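Heads up, the thing below is written out as structure tokens.
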């Protein structure tokens, strides 16, 4: 039987910055989380101790600093929960459950991974990029120029990081998936990691399948417990004969592309 | 028809001090409230913008400073609402409705009023004491020594202020009503103002009636709207034939002693 | 877009906007008239009236619960005649509609009140057959379909004004009750009244309310209320007035998408005396930001998954 | 006082303390076993089981509402046989009681499951006749007194273990349902299951849940649940397991004063994985600070006003 139990951690907030309108870059201290965390995993955060937002909010780990015991995450203010989180002050204690879920498979035998992220999906990729020693391609898509975040962080690891904006106001114009397609058409990458909105993931999945390249997708779903007990965060995963509902919080958020079945 | 409407005020918190264990002395700025407030009236305070405590909390005005536009109130942390209020920080805006309710009748033709307060009931009496130019008697009862608050404030106005503690750890030992009785037995006071727990108010009422002295009592009741619309804060008020339910927030909190009917 | 049509019609009575005050939370409007011009409201539904004056229940009459409140006012009111004499003239100063909310212990009492209100100048009558805070009758009328049908049919005979039947949520199947009201001749239904609840003080070991139980309202009940409005919308043709936990314009829109033609705001008035007008403004903002020209175009327009 | 008796007995099965995990919020215990020793619990009630495996409803299956959540999991589970083979051995490692929660589309399915569980080693069976998230049967069984009576009587015939009937709050009169369960032979009743609710996203104009409606749980429902437990306690002699919005020891005490012999903690597990053990500790603290030697002495001891 287990002798050391998991528990929610109360972590001091040590950094908070609004790096784009409504996008907050936050850092907390937790030895336990930095010790355990792997790229692709997430935290389930109690944004505030209030009945207004009862549930925790899943937020990906964006990066860790083991020496400083720092856990960094970036989030967009969407509704009440993230709004309350953005209002928390430096020095306050944040109630955090994690690291949770599966992680991206980091395998340095891949010759050149491609990382592709859209919107809030770019955040977990930084941790992944940091975990690779090899050279790689990074494609990041944002809605518009002012929403571009983490550019310098990625460029430090991967100088050729390509930024695309939907409206062409910064970097390449259009969807990042087009950039990825050019790359894999030319056989440049032997694995793809993707995180972002569902249409993007679908596109990556179908492209990778067409070109026979393995890919890993990070899914999103509304969560209850975040640890696999309540079964609310269902996603369709292929079985030999058909499909079954697996759960984003425990079986995911990272799945192999060929496992995932998207609804039309 | 009315041309200038009332509204809830957003008032900056400028002072906050824990003057006894769990007793907070808070000051906010509001020109409107200082302009209108009369002794005995109360504020209805939204302690925090959360669903955990939906309702406002009624808190008496303890004092005002018209020049500085300061409104002072003192409260005891009892449950979730007052806990959240105590956690508010200097500089924050407090959502306050008020001044509300009836006030003590300040009439300088009385030769010597007696003010008697028990526990949290002492707070509104300070404002009343300040409103009188005549000499007066002040009797304040507390549970125990460490709960004694506002002593100096009262003594500045009325140097003979008598403090009593239930356990005798400070000042006179026992209930304040005994002190009042001695006084009025001797015919010292021609009006009594009382605020405090119901047993104390009952005692004051019956004493004053026995000695034929008018008294005003400040009642408490759980409230909804605080302005007289929801009818939840009922209290029994005598009518020529029997009684009717009046409302603490609008018809009170201050009533003439002979009007009030307490349940056994 | 500069403005949107906010007018809705409840059985021929046009409201300038869909926001009504929920009965029992707004008195007879006097207190709130000190906070804003009541003409800004779609309609004012007054404190529940009875044939004779009532003192109501013993205090405490309110308890706070998670995201809600329990109340057990028990219909304290000065009686319908006093209302007509002393309150209607006050309310008539404002350019808004007046809804009289009536409660009785017997069907005869309801009928009598409808008669008394015949020439009173109120625009609509809301029949409360669902108040959980009175012993006799009260909630019982609202929990059996045949009784709902019967009382509606009887009271309707005496009504000059359109009759709104206010439904109790404390039932197995709200659709049945709504259908019974419609079949009985109701011109509209309103829902939900409060859910029966209880809070116990574990330190005194007594219920917080002197009445032991009370009616739950406020944000906590919103999902139940929205579901019931949606269910009722699927079975009746008469307009629905939706309520239960509406705190802002977004909540009001949620009820209207579910099928409500108008909405009522109750508990929110206690937290913010300006709540009703903020709901009006919130609805308008929603319409403007989504280029919706006419509020009527969203009623019942939830698209099922 | 150094310690208080926390043991309670549910129809002959002794629980070391009155805290049970609410079905469907605790899986089969595996996940929470990583957070604490499950032996600290009075009992574990597992995820709702059906005769055959079920995939459940489409996601999203959860929506947050004021002080509550709506869920529409729809009984995703691997089937009762898989449970017996793969989950019971795991649970048997812990010194606690096991409650199997069963759901069916027909009375026969319930009976079949009781038979299958006969030698399974579960300590109690909880019959869920109130799940609002399945189309056939489901809630329907729990909303008519004669059906409750009938199904209880039938299923009881096949039960080796004491049978708990889990009641739906979506009824006009919970007392009738509880009496019917008792008359049908139930050894205990548990309440409340979730209240049917709906949340609409006003921007997409669609219900948040893919299933459109779902079951409301969490603090928002507590006053309703406490009231129902209190009502049921006044009409049945069998033990009551109370639940609905319990977040801490104080809430648990409130249910016990209302008449519950044991309590279940559901939604709170999602907010704090240690919620159940904190409720245990909270109950003990209350007993100690009020010098109550035996928890059984407070059951049903609310004093009415």
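By written order: A, B, C and D. Residues from 1 in each chain.
By our rule, a residue touches a chain if its C-beta (ideal position, glycine included) is under 8 Å from a C-beta of that chain, and two chains touch if they have at least 3 such contacts.
Predicted model, so just to flag it, every value in this text is computed and none were measured.
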item: Graph distance between chain A and chain D, where chains that touch are linked; value: 1
item: Most remote chain, CA-based centroid, reference being chain A; value: B
item: Distance between the centres, which are taken as Cα means, of chain C and chain A, whole angstrom; value: 47
item: Between chain C and chain D, centroid-to-centroid distance (C-alpha), Å; value: 34
item: Distance between the centres, which are taken as Cα means, of chain C and chain B, whole angstrom; value: 36
item: Residue numbers of chain A (touch at least two other chains); value: 51-52
item: Residues within chain D bordering two or more other chains; value: 58, 63, 66-68, 218-219
item: Interfacial residue positions of chain C with respect to chain D in the complex; value: 58, 63, 65-68, 70, 143, 170-173, 195-200, 202, 205-207, 209-213, 216, 218-224, 226-227, 230, 245, 250, 253-254, 257-258, 286, 298, 301-305
item: Residue ranges of chain A in contact with chain D within the complex; value: 1-2, 5-8, 46, 51-56, 97, 221-235, 244-245, 250, 263
item: Interface residues, chain D side, partner chain A - complex; value: 24-27, 30-37, 47, 55-56, 58-64, 66-69, 71, 73, 76, 93, 218-219, 267, 269-274
item: Of chain A, residues touching chain B in the complex; value: 50-52
